[in-house]
Amino acid sequence: MAKQHITFTLNGQAVEALVHPRELLIHVLREQLMQTGAHIGCETSHCGACTIDIDNESVKACTMLAVQADGADILSVEGLAANGELHAVQQAFVDEHGLQCGFCTPGMLLRAYRFLKENPTPTEEDIRWGMSGNLCRCTGYQNIIKAVQTASRTLQAE
Amino acid sequence: MIPGVFDYHAPTTMADAIALLAQYGDEAKVLAGGHSLLPMMKLRFAEPAYLIDLNKINELRGISEANGMVRIGAMTTENQLIASDLLAQKCPLIPEAARLVADPQVRNRGTIGGDIAHGDPGNDHPAVMLAVGASFVLAGPAGERTVAADGFFLGTYWTGLEEGEILKEILVPPVTASTGHGYAKLKRKTGDYATAGAAVQLTLNGDVCDSINIGLTNVGACAIKATEAEDVLRGQVITEALILTAAEKAMAMTDPAEDLRGDVEYKTHMAGEMCRRALRQALARAKGGA
Amino acid sequence: MQVNLDKVFKLSGPASNAWTFLQDIPAVARCLPGAEITEQVDDANYKGTVKVKIGPATANFKGDINIKSIDASKQQIQMVGKGGDVKGTSSATMDLTASVRELEGGGCELVGYAEVSVTGKMASLGGRMMNQVSDQILNQFGDNFANQVLAMGEGEAAEAAAEKAAQQPKELNGFAFIWSLLMNNLRKVFGGSK
Amino acid sequence: MTTAESLDRQDKLQGVGCSRKRKEDPRFIQGKGNYVDDIKLPGMLYGDFVRSPYAHARIKSINKEAALALPGVHAVLTADDLKPLNLHWMPTLAGDKQAVLADEKVCFQYQEVAMVIADDRYIAADATELVEVEYEELPPLVDPHKALLPDAPIIREDAAGADEVGQGQRTHPNHIFTWDVGDEAMTDRAFENADVVVSQEMLNQRVHPSPLETCGCVASFDKVRGELTLYLTSQAPHVVRTVVTMLSGIPESKVRVVSPDIGGGFGNKVGIYPGYVVSIVASIVLGRPVKWIEDRIENLSTTAFARDYHMIGELAATKDGKIKGLRVNVLADHGAFNAHAQPTKWPAGFFSICTGSYDIPTAYAKVKGVYTNKAPGGVAYRCSFRVTEAVYVVERMIDVLAHKLEMDPAELRMKNFIQPEQFPYHSALGWEYDSGDYPTALKKVMEAVDYAGLRKEQAEKKARGEIMGIGLCTFTEVVGAGPSKSCDILGVGMFDSAEIRVHPTGSVIARMGTITQGQGHQTTYAQIIATELGLSSEDIQIEEGDTSTAPYGLGTYGSRSTPVGGAATVMAARKIREKARKIAAHLMEVSENDLEWDVDRFRVAGNHEQFKTMKDIAWAAYNNVPEGMEMGLESVDYYDPPNFTYPFGAYLCVVDIDRFTGELKVRRFYALDDCGTRINPMIIEGQVHGGLNEAFAVATGQELPYDEQGNLLGNTFMDYFWPTMVETPVWELDYTVTPSPHHPMGAKGVAESPHVGGIPCISNAVNDAFMQFGASHVNMPHNAWRNWKAIHELGLDKQ
């Protein structure tokens, strides 16, 4: 089948792409649009390294076709910092040592960003459940949980 | 893990979707949330030549109540089920089970209709549908028909959907004040299929169990309605001893396959244990407890 | 991974019909919807293909069938089917012993014991389903087999069975299961076995 | 003399001991990391493997025609294509060889048979299905216990007649080596004369490190310049360069290997895999860059498993619990090729550290390695080479002995610890432990958790039929490979290196031979240099991973960065400081001997107002140096450690097990680590959290099971267990500090201790839970199913 023309908003910018129907959104973001922040970890939607925000929901971009993103509003880690200012979740991950190798981090950040909109004042238990679609191999999660708590406090204070 | 080549269609009406499905026949596959089908396509177990994406069909979404039934559009996502006040009041077992499906991201894409129609014995909603006494509106070239959940699940990847049909909506009778529900799911970790699961919905008349449905997840070729366990409890004052007997009956009805989650013996026992837990929870709730 | 399956299918008509049919390898193969004998190499060896469709999953297998023994006294046949999917990612072997057993009070049954061994992607990733799927496939095979044997007889039921046999779908799929269910119901209507 | 003013200056440096925020983070949190799959070169092609569906089969034919006919396919490479280059086999670190592409037969499922090179990964994937391979199935050998039977299928026909495959005499075509250490006769005597003897069979199951980023590379050969650039996920880029030269004949000066950001290694990225070799060949042949990235199934199925040690441990003791001897017998399943990634001269690595933290007078260990039809490997998964297995066997055996003696396992440990005054301690199996204080560590943990209270609670629960277990582990690690007398890779001694340049304005660039994969080297090496040179960490840039710029090093694994690379950094910095002292003396016109070092400056003893800061000196180094001194301020050091370092710890774990489902909950995990001098406590704690979570994963869920046909089951993240936040316990950390006497800063390395110590700790807790009811040892992984079986057998699940 011929390539299809799709347009969507990526980090506030209108973008377009020509894609084969079978192309996965994660590949188009990374290889056509060169937004390599979101990563590929498992390809079976278990690890969450490819998590981005589509129309105000967290989505695993490895299990979505690019054609399905036509008309969508997408936020990826590259668009998280606004006007040169780190987002509170980004700063909190640095402050609480919530990352090591950095590979899961963009997915973690995007999920934390959306999770704190869904639940601005979570308990630790809420965080564990709300972030359970993202695997991290390095941190043992303890500092990620702290980072989400810190980000929650920062966002509440803002 | 790269899917094979296919043609993609994203109809905006059911009529178009059904026409496309009729046109392409079994070369086509219907795409709902995609979290079962796309991984199968990436592994090249599934290689449909045509993919008919239902995500743009608005009439498949939404939860409403009419004519004494709660109607759930097949493309309603798990998180929409969880967020629904109507379901929380009228069909609380459904959102409770939805919380245990996969993980937050997957629940944003995964749909109740996809979960039911895929026919995977590991999916959670089939057993829940058996427990709540749901029926399904199936739309096809010859029009619509409504079938009961009980009898719809026939085997692995095998349901009562006929060629050319699409699951359109789920109809659920609302619960009453004396209805209790419970879903117990044992899994290895977040995101996994159940090692065994049990969904229970029962209604009390005074102390007596007036009606009861028990559905079992992932302990057979498809979701199992544990009718023999139900028979033990229906019309009875449910006691702990009866719960144990019912669980034994439920265990006898299972036919699990060994995999990395467990062998037949373990899964059978876990079906019993999940049954006991769901029954106890449903009973407590029916009596007005948590 | 290995799956062992014990199956008994009740058949109508005399055991001699069933035994005759059982020795017709291409016809028996066709009872597995989607299966086709493409070449008879010699008396004991055949080549064939199977197109399996289980829900959304499909696989095309290509392989060889070797008849290890035909024992007329026991009305038993032993064969080994070996095949690989055409993409070279999975393969399967089925060691099958099938016999026709006469029943007291008339009728007979097809008794099958199969050891199905699967290697490759299908075993390593699809193992969760293998047992149940194999069981479903064999059930369908049994239904078709019974139907074919019934069609060898005479009368209304046999004609109906022959007609059904002619409609048998070309591949093993969900629709086929519905079809076989339907057939089961029809069989009830026509007073067939089961 | 320390003053408030100098303390303030010291704080500003952000040197050793402070929890400095990481320098790596800004790029990672903004999506600006640069991992290998992020690299896109002009004209780049993609490689994808055709893999074997069989565990054991002969290849009868390979037909590429259909694949080559697919538009966008550039080449299909098979063993026959590599033969003229003599690259169809490659040497392994263990002295064996491994097929790059299957040569005439396949020996494990998912083995690489051919590589398709195409315009993009989609076409490549399509084409792999079009390569027709005809196989003749052979009987697979899956159970290592059957490997040496007379009628066992011969796996390695290529080596069937060889007297040895790199590691000594063989007795069977499936036999790789038998290695033993210790005094067997004396150990036997200890057992004969013992009051009490215990023996237990146990398994360290086959697992996989599976970092979140899989392995991959981009090979780019410039035909005009004759230069090869290789970007790859390697924990040892310099070694890769040497190996590439050895294999290809391209001079080392024309090979550039770059390890970009690495998404976790954990031992998976030490080895050299067929994907790298074939990508290089393809790039050379096609003259275009070639990318190969494995998917998760390929990662779990082919590149580097760990463990698979089938062990029998035995202890001999007096009736009051003094251990007199240890005997260990191991059957090691190495898979189809001995690709055991370890640099020691011993076939079982550091396994002989198995006497642990205990003063055991005599010991004997024997390891037999065999081939099976499984993936090759045997990597050190977040540990030094076979240390996890060694610690597991001794820590489990201590508990088994305690159970037999009806003695508390803490008491038994206390009774047998190597005492602080015994260091440096020479173990029965030949190690020289540098330093330690085990009793203090265990006492601290027991007090922190109220050990007696926990045991009381456990007894109460037992009476109610509830299943609670308490596990202890008091491990000693051996890390920091290593003295080159003991360790080398293909003949290159295991030193490591640092090169430091101080710029005129006082900023620094430093490059090391190690490579970070999340450990935060860019942060911590800067802290070391900051402390040594008195320059702010913020002005110190650390670079690693590019063989064209960094000094030669052996890489990062086996917790060697701090013990070896860190030591090299200190030594290089100290060379600079010595030169700086001379320059300072020259500038202030005083004798070098009159100068003293004060945080960030040389000052004149007795006159603290007269000083030159390091920044002043840096400037002078480029315009005003003493006569006869060459200008500039830089140094390099290649550090060959005199000994290993021996980090240790005391861990305690409390588990509750659901008696109806077998589900396990780690209610408490208290980990005290002693890694000597602590460079960055924040990073240490992060490393410990991560290592503990890995230990939790291995102990309670991870395994790579094979069925009888040699099918690998469970090779996606659906089945292969990685805990999410929901399952992960809360970690409580503590520490003591016992510096290493031979390391220039006293640091020992930490990242692996929690993995090595955590696994037996959890396993001891689970076994403690069951053994109190009379069960015998239960193997890992302690998943719900396995737990329930033990429960069911004990009859504890009665309603």
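Brief remarks follow.
Letters A, B, C and D name the chains as they come in the text, with residue numbers starting at 1 for each one.
As a convention for this text, contacts are C-beta pairs under 8 Å (C-beta built on N, C-alpha and C of every residue); 3 or more make two chains touch, one makes a residue touch a chain.
Only a predicted model underlies this, so the values are computations on that prediction, with no experimental measurement involved.
Under the contact definition stated at the top, the chains bordering both chain C and chain D are B. Set side by side, B-C and A-D show the greater C-beta contact count at A-D.
Remark: chain B and chain C have CA centroids separated by 32 Å (rounded to whole angstrom). A straight line joining the Cα centres of chain A and chain B is 29 Å long. Chain B and chain D have Cα centroids separated by 44 Å.
Among the residues of chain B, those touching two or more other chains are numbered 1-2, 4-5, 44, 103, 190-191. The multi-chain contact residues of chain A, meaning those touching 2 or more other chains, are 20, 22, 43-44, 46, 129, 131-133.
Of all residues in chain C, those touching 2 or more other chains are 87, 89, 121, 125, 127, listed in ascending order. The complete set of chain-chain contacts reads A-B, A-D, B-C, B-D, C-D. On chain D, the positions that touch chain A within their shared complex are 21-22, 24-35, 37-38, 40, 121-122, 210-214, 261-264, 266, 295-296, 517-520, 682-683, 685-694, 716-718, 722, 724-726, 728, 730-731.
Residues of chain A touching chain B in their complex: 1, 4, 20-22, 24, 43-46, 48, 51, 57-60, 63-65, 67-68, 111, 115, 129-133.
Residues 50-51, 53-55, 109, 129, 131-133, 135, 137, 297, 301, 707-716 of chain D are the ones that touch chain C when the two sit in their complex. Listed in rising order, the residues of chain B touching chain A in the complex are 1-8, 10, 34-35, 38-39, 42, 51, 53, 55, 79, 102-106, 108-109, 190-191. Residues 1-2, 84, 87-91, 117-121, 123-125, 127 of chain C touch chain D in their complex.
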